[in-house]
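The structures come next, written out as structure tokens.
One chain, subunit A, appears in both complexes that follow, with subunit B as partner in the first and subunit C in the second.
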Partner chain A sequence: MSEHHESHAPEGHDDALEGHIVSPVVYIIIFIALLIGTAATIGASYLDLHEWNPIIAIAIAVTKATLVVLFFMHVKYSPKLTKLTVGAGLFTFLVLIFMTLSDYISRAWGRW
Partner chain B sequence: MSDSSTLVQADHAHEHPPYQRHHFETMQQQVDATGFAMWLFLLTEIMFFGGMFTAYLIYRNWYYPAFVAASHQLNIFWGSLNTLILISSSFTMAMGVWSAQMRKQGTLVLCLVLTFILGLGFLGIKTIEYKEKFEKHHVPGAHYSLNSFLNPDSDKEAKDAGDKPLPLDMARHTEIYFSLYFAMTGMHALHMIIGICLLGYMIFRARQGAYTTGHVSFVEYFGLYWHFVDIVWIFLFPLLYLISRHQ
Partner chain C sequence: MSSATIVSLPDQSTARIPKTNFITKENGLLSWLLTGDHKRIAILYLISITFFFAIGGSLAGLIRLELLTPQSDLMATDTYNKVFTMHGVIMIFLFLVPSVPATLGNFLIPIMIGAKDLALPKVNLLSWYLYIAGGTLVLYTMMTGGVDTGWTFTTPLSTHYVNTNVLSTGLAIFIAGFSSIFTGLNFIVTIHKMRAPGMTWFRLPLFVWSNYAASILMVLGTPVLAIAIVLVALERTVGIGVFDPTKGGDPLLFQHLFWFYSHPAVYIMILPGMGVISEVISTFSRKRVFGYTAVAFSSVAIAVFGFFVWEHHMFIMGVSNYSTLVFSLLTMLVAVPSAIKIFNWSFTLYKGSITFETPMLYAFGFMGLFTIGGLTGVFLAATGTDIHLTETYFIVAHFHFVMVGGMLMAFLSGIHFWWPKMTGRMYPEKISQLAAVVTFIGFNLTFFPQFILGELGMPRRYASYPEEFQILNVFSTAGATVLGVGYLLPILYLTWSLKYGEIAGSNPWQATGLEWQIQSPPLTENFAEIPIVDHDAYDYEWLEKMELAKKQQEVSSVG
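Let's look at the complex of A and B:
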């Protein structure tokens, strides 16, 4: 089959036009990791770990989300601009949550 | 592109792929710009859902016993199955992007159809869950019933979880839990519905060979959107269904 007719593209940039092609093997590994993460988070929810229950649940969710962002969403293989955009967005998001929660915990609720 | 082609043709002595828009110097520039734009859109979506997650966090902290009792009403089996379905649909979508990149039209159509079916399956299960909430009057509004929380022994889910009766003022706050539950899962489901509509369009176009000519941007950026919706559920599932299960 004549799949390779990209001689018009300049050297070195060829690959970026269709994005870095991630192998299906990587997708399968990530898929299995996500299934294991799901099983782990369901299992952990039945154990009484007191204040650690939500922390573990969120830690597993963050790990799963990171795998999805890096591999399914190709950020690991993306240009620096994309990495910086994702990083800056996440940072802004955390700043907003942090400021909201610090306002919430530092108010004298019911005493004004 | 077609309307401007007569004007631009004179300048186009060099080769261009037909899908390169005339306002981009190079294909590389087009790919960088559109990828950047798609991520900016997803960031606005993160902020949008983030606001609801923050509201949930604060209210849960505030009306903790109500949130624990109300979350026992959700069905772990359906929630887990839906998580499995959504993760699988993310996988088939990732394989769809791969198929488009490898110019495998048949595999691409198959992956998109599987993603489409899994998406519908998710919504079907969500419908079963919502139906139960309507039947038990757990939908916020005039017909909201506190019975499951004031008399937990009369309610199967509450009894199974071993709930104690809540005082009336605390039981009333379960309505806030369900308001957030419907707002968050409802917005998530709306994103799924939009995604499924786009998938239908893409299946139609993929069968015409639209995405297997080397121009994969549409499939790739739709993939980003679909994975984002998956990530929202990855957080919704433990926060709504799981974290109060042990109590």
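Let's look at the complex of A and C:
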């Protein structure tokens, strides 16, 4: 039933539905980058960097996730609306992290 | 009651329900259980949420009966804990969250924007099945001993100290959460992609705007609840230590995660109700909603601000003093868009041709009770008064004023308003007006005394209380029985009207929405041809011209 409607969509530029063809070379490069990231995570876990250990691990994980979202999930080639949707999710996530941290960071400050 | 009415029904001696419609199109149980039609799925949802509302309501009745006397005499104290927990879980996750979006929203959003169905009909059906799976698990939990953590699953109680069915309840909410995500996702895609030609964003009915705002909250917020529940499950089963201080965790982290969803969740519950009120107020005062753009954007503003206020649930839990200050200020900001709505609805009434049909009575109930509920929320946002009032009956009263006085009134208003569209038949007007008034009186008698009880210091979630609180508790329990009658009546007369109600015709209220321009009940494909929209929402002059043109056409064709 939904296909019947597409022709009536006022925003008519359904780039995502037409699909962007990504060459296998790009996929292979990203796959290798992800493998390198995995190796780096394992390698970093053997070093004793104190508080930097989790920071480095999370930094590598975020980089890998970004690659997956941009290339494997085609967000890089998607219309602006899709990018905005992904951005909204990221924004909400940052609100969760930073507003929660506002509690943890300032707990030791005592009373205002 | 004013005798003036805008109801215009077809001649009952000749009127018939259209032979082909979404109800008669196919027959048999399977045609319902495997349907992709958004209207049929809405009906499935309506039946299911009414079932769970009845269970949740019965549990509320048990709570009020127990609190009739100061001693814990009707049930043991741990049973009482289970009863109020199950009441909360069922009412929040299985009734309030899906109430308006999954029933009225499902039924109406595609029609209101001029589409033939939602963008993802199968996902819509999957959403109902997930809801049923979640609901069944909740029933299983109840039958195998229940859970007694409160609907908030607060750690370390839920992770370390109770032996009740935390896991199965958590799984139920996890599954029901996905049902809500799918509904929200479907609405967002549909509203973006399937509006009829000419249906621009600022021609959308405000019901669509408010459901859109709620959908954003569902999609962005619900996953965080799912994560929080999974972490509780992992903490209970394998002791991962995220919420356990002895392993470097923090029990308050759970509350941060839980309320990050569950505060926006109250906006998921109330926003679609506000959409109903916009439609009803406009129709029964025959005026375009005053400040359409402001009302539309205030829905989005509530959705956005809703994510910045959650810590006000934790002011006395040991969070930092500085963050308390920030969250207190942010919480008070949410009052602004809510007030914008209330003021704009009031201005819509000003110099309107107001009539007092049942949906309008419920809408008036909503405006008054939601305002009280909202303003008492500001008391609780102020950190000083919060220390005194939190965890008392003041919280219970505040929450029920917003959710029952607000949302349930809006739901009933919407059900009555669109009943003729959904079923093709009118509900009986006089008895339903009586039900609206009974509900309003019963509600105030039940919950207003609880504000006073809270202010006097009666804590919530206890089966017994000091004797000096009994009088107000007796008032509250008496009110609950009146309220129960108020809810039973619509279930009875709406069922009656399915067979004996007057034939409604396509537009009994003379309303302007696209849903009123098609037959009742609608065809499976809603529109014989996709409409082209050339007028704003709530344009009563356009409607008048249309009616006139239709009459002239009839005259000329007869001639």
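Just so we're on the same page, the second predicted complex is superposed on the first by the 89 of 112 C-alpha atoms of A that agree within 3 Å, B and C clash if a C-alpha of one lies under 4 Å from a C-alpha of the other, contacts with A are read in each partner's own complex, and residues count from 1 in each chain.
As a working rule, a residue touches a chain if its C-beta (ideal position, glycine included) is under 8 Å from a C-beta of that chain, and two chains touch if they have at least 3 such contacts.
Everything numeric in this text was worked out from a predicted model, so none of it was measured.
By the touch criterion defined above, A:107 lies against subunit C but remains apart from subunit B after alignment on the C-alpha atoms of chain A. Once chain A of one complex is fitted onto chain A of the other, the partner contacts of A:89 extend to both subunit B and subunit C. Once the two structures are superposed, subunit B and subunit C can be ranked by residues of subunit A touched, with B on top. When both complexes are overlaid on chain A, the residue A:33 reaches neither subunit B nor subunit C.
Of the two partner chains placed by superposition, subunit B and subunit C are both touched by A:81. In the superposed pair of complexes, A:70 makes contact with neither subunit B nor subunit C. Across the superposed pair, subunit B and subunit C both touch subunit A at residues 6, 8-9, 81, 89, 92, 96, 100, 104. Residue ranges on subunit B touching subunit A, taken from their complex, read 15, 17, 26-28, 31-32, 35-36, 39-40, 42-43, 46-47, 50, 54, 57-58, 76, 80, 83-84, 87-88, 90-91, 93-95, 98, 101-103, 214, 216, 220, 223-224, 227-228, 230-231, 234-235, 237-239, 241-247.
Contact residues on subunit A toward subunit C in their complex (touch as defined above): 1-2, 4-6, 8-11, 81, 88-89, 92, 95-96, 99-100, 102-107, 109-112. Contact residues of subunit A toward subunit B in the complex are 3, 6, 8-9, 13, 16-19, 21-22, 24, 27-28, 30-31, 34-35, 38, 41-42, 45-49, 53-54, 57-58, 60-61, 64-65, 68-69, 71-74, 78-79, 81-82, 85-86, 89-90, 92-93, 96-97, 100-101, 104.
Taken in their complex, subunit C has these residues touching subunit A: 36, 115-121, 192-200, 216, 220-221, 224, 250, 252-253, 256-257, 260, 307-308, 310-311, 319-323, 325-326, 525, 530.
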